[in-house]
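Each of the next two complexes has chain A plus one more chain, namely chain B in the first and chain C in the second.
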Partner chain A sequence: MKKVYYLFLCSMMLTLAACTPPAQQVMPPLTYSNQIAFHDSQKADLYWQTGSQVSSEAPPTQDYNDGIGGMIINSVVNNEMRSAHPGDFTYTYGKAQQAVFMTSLKNTLVEQHAFKDVELITDPKAAKPQDVLITVNFKETRVLGHEKNYQIILDTELTIKNGNKPPFKRTYLVESKDSSVFSTKSFKDQQTDVSQQLLNKVIAGMTQWYTQGH
Partner chain B sequence: MKIFAKLFSLFFIGFILTGCAPSNVPLPDSFWQDNKQSITIVTVKAPTPGLSQEGMLGVLNYAINSGINSDLDKYLAQADLAWYNALPNDFATKMRKHDINVKIYGNKLASSPSNYASLKGQINTDKVLILRLVGYGAERQYNGSIPMGKPKGYCELTGDLVDLNTNKVLWHYNASISEPINGEWDQPPAYPNLTAAMKQAVAVAQDELLDSFFSGN
Partner chain C sequence: MLKNNKYKKASFALLTIVFSLLLTACTPEQNIRGVPATTWQQLTPEQKQIIIEQSYQHDIENPST
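And then the complex of A and B:
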């Protein structure tokens, strides 16, 4: 009975130690399942700004049963692997993820005819005066450490400018759910979760802008 | 053998519980629909800024490292906390734009309240926003007495909005921010690069706390 008890505890610890989701994945395009409640007759220009990105690295694996020689060899191999493939060990919500978000936002606005036309632009000066300029600023993206299962926190600002009217501004802080040590959620799922939350909030913000007199 | 089994079980339970810090609680949308509410903002007395030693180290390592870092600790202990004293005003200004009746409690609490019922008697308000600076200064990873890399600027802030009629926590957010130092860090007596990283950590922590509370509003 005691042996079974010790085996159970050891297997639980090994299971938890093995539950590190792989880093190098980018979430698939997002979908918006609700109906957007406005249809504006103007063209919208979508502009995107990137702020600070705080990443996390996977901790080095180490098997202490290999002895000092084994530990040194493992350390060298770990460092070589990290140098050759840094993306496999770095958890980030960077430009790749933000590009998927902005493209998904654009596609959602186009499919639901929220505006006459929607275009992603790289320079806000390219927006014409008669267009609605929508800026999503990813002020800060943060990925917490392995002890939080690489939970993602996004601090973003939405700004909508329409002609000479005062700009409409909202900030949104969203974080991916289920950050417990028992979580089996992949990093790709974390990205999808937090991005979906942000998409829902940004569209709610646009709806608020429209109903307040745009 | 029994003692070993008990110690092993305690270690395992402790390992599990270290992942169980209180989760953040987003403010419900219904909060912003109440135009007649009043809130009192209180702050908890700040700890002395210092160097937080993280990683695998024992009591003796703490003592040795503290001795080695005594100059840095003396510098950090004098860090400016004016920004923390201004944080209630930052919240109050934004709340008043939403027609919320806001007061700032003049005295700092000695520690985070363990009993919200006693707080109601002390402050006489329906809802209280408790702001707390958990830690400020620098943090550094150690393996024993061996530093594992440069220190980072560090700031940890928490906020709790509590309904004192029901003792329910309506909002909780923890912003624990570490900012890397650009360039050299060991620059006594003023440590300019470390100070810049600390200021950046403060700016990010304040931003996250405010943006979490006012998210979408």
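And then the complex of A and C:
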């Protein structure tokens, strides 16, 4: 009996420790279901540029059934948790999500042989002059508040430079669809939704660049 | 006697849970290259690599920050 009791206790503690807070969950890699309609014989350098990130904080929770004592303890623990673990309460489309997007874009371009080769770079000076330089600039990523179910808005710019030709530029403003307070869509799903829209737009932009005579 | 034992066990369990919760609450969150550790653990090696490179590049470009 004692063993069962300790086993239960340990499993409960492990469960508590293992639960990933919703704000810290990251979307899985994205997939592009369509066929890319171009194949370029040059190598592409995919440059990731970050901009400003506007986050949103989860509102404090208060259980009025606990009585005054309970409310005070709750508030103290809550404040302590927030100062020690800000990431658990801060909803952001940050570096982690952008890295998932950039690696997904790179893998899609590689798998579909859109270019001779694709390399992900973080320094534009690393790009060789004979390569195509594709810049995805996350100018601003914004996560709206709890009342908007942490809807995500991405303001991004795609720039494609090929030798001395004038650069091809497109700006994309995408937002996750479900923004109702009653929505059951998780933050992870919001990330997938908005990133998938951006992936489709970026690939459409690349196709446009190619068909325009790059 | 039996009731007393049950009460002791229950309060011990409650204390253990409260203590572990407090311990979790007081342990400061770790950040790796600007990404909270819990988020970092979910990333693939390729994604971690690009974040490290990007952060390194940022440090070179902005040495004072």
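We adopt the following convention: the second predicted complex is superposed on the first by the 188 of 214 C-alpha atoms of A that agree within 3 Å, B and C clash if a C-alpha of one lies under 4 Å from a C-alpha of the other, contacts with A are read in each partner's own complex, and residues count from 1 in each chain.
Here is the rule we use: a contact is a pair of C-beta atoms (placed from the backbone, for glycine too) under 8 Å apart; a residue touches a chain by one contact, two chains touch by 3 or more.
From a predicted model like this one, the values you see are computed outputs, not experimental measurements.
Student: Does chain B (first) or chain C (second) touch A:123, or do both, or does neither?
Tutor: So A:123 only meets chain C here.
Student: Looking at A:204 after the superposition, I want to know if it touches chain B, chain C, both of them or none. Which is it: first, second, both, neither?
Tutor: first
Student: Classify the contacts of A:189 with the two partner chains as first (chain B alone), second (chain C alone), both, or neither.
Tutor: A:189: touches no partner chain.
Student: After superposition on the shared chain, which partner residues are touched by A:88: those of chain B (first), chain C (second), both, or neither?
Tutor: Only chain C; A:88 stays clear of chain B.
Student: Using the superposition on chain A described above, determine whether A:175 touches chain B (first), chain C (second), both, or neither.
Tutor: A:175: touches chain B, not chain C.
Student: Considering only touches as defined above, state whether A:155 meets chain B (first), chain C (second), both or neither.
Tutor: Touch partner of A:155: chain B, not chain C.
Student: So which bits of chain A does chain B touch that chain C touches too?
Tutor: 5, 9, 12-13, 16
Student: Could you pull out which chain A residues touch chain B in their complex?
Tutor: Residues 2, 5-6, 9, 12-13, 16, 52, 139-140, 147-148, 153, 155, 170-175, 179-182, 201, 204-205.
Student: Can you list the residues on chain B that touch chain A in the complex?
Tutor: 1, 5, 8-9, 12, 15-16, 18-20, 23-24, 204, 207-208, 211-212, 214-217
Student: Can you name the residues of chain C that touch chain A in the complex?
Tutor: 9, 13, 16-17, 20-22, 24-29, 31, 33-36, 38-40, 42-44, 46-48, 50-51, 53-58
Student: Any idea which chain A residues touch chain C in the complex?
Tutor: Contacts found on chain A: 5, 9, 12-13, 16-17, 20-21, 24-26, 29, 48, 50, 77, 80-81, 84-88, 94-96, 99-100, 102-103, 120, 122-123.
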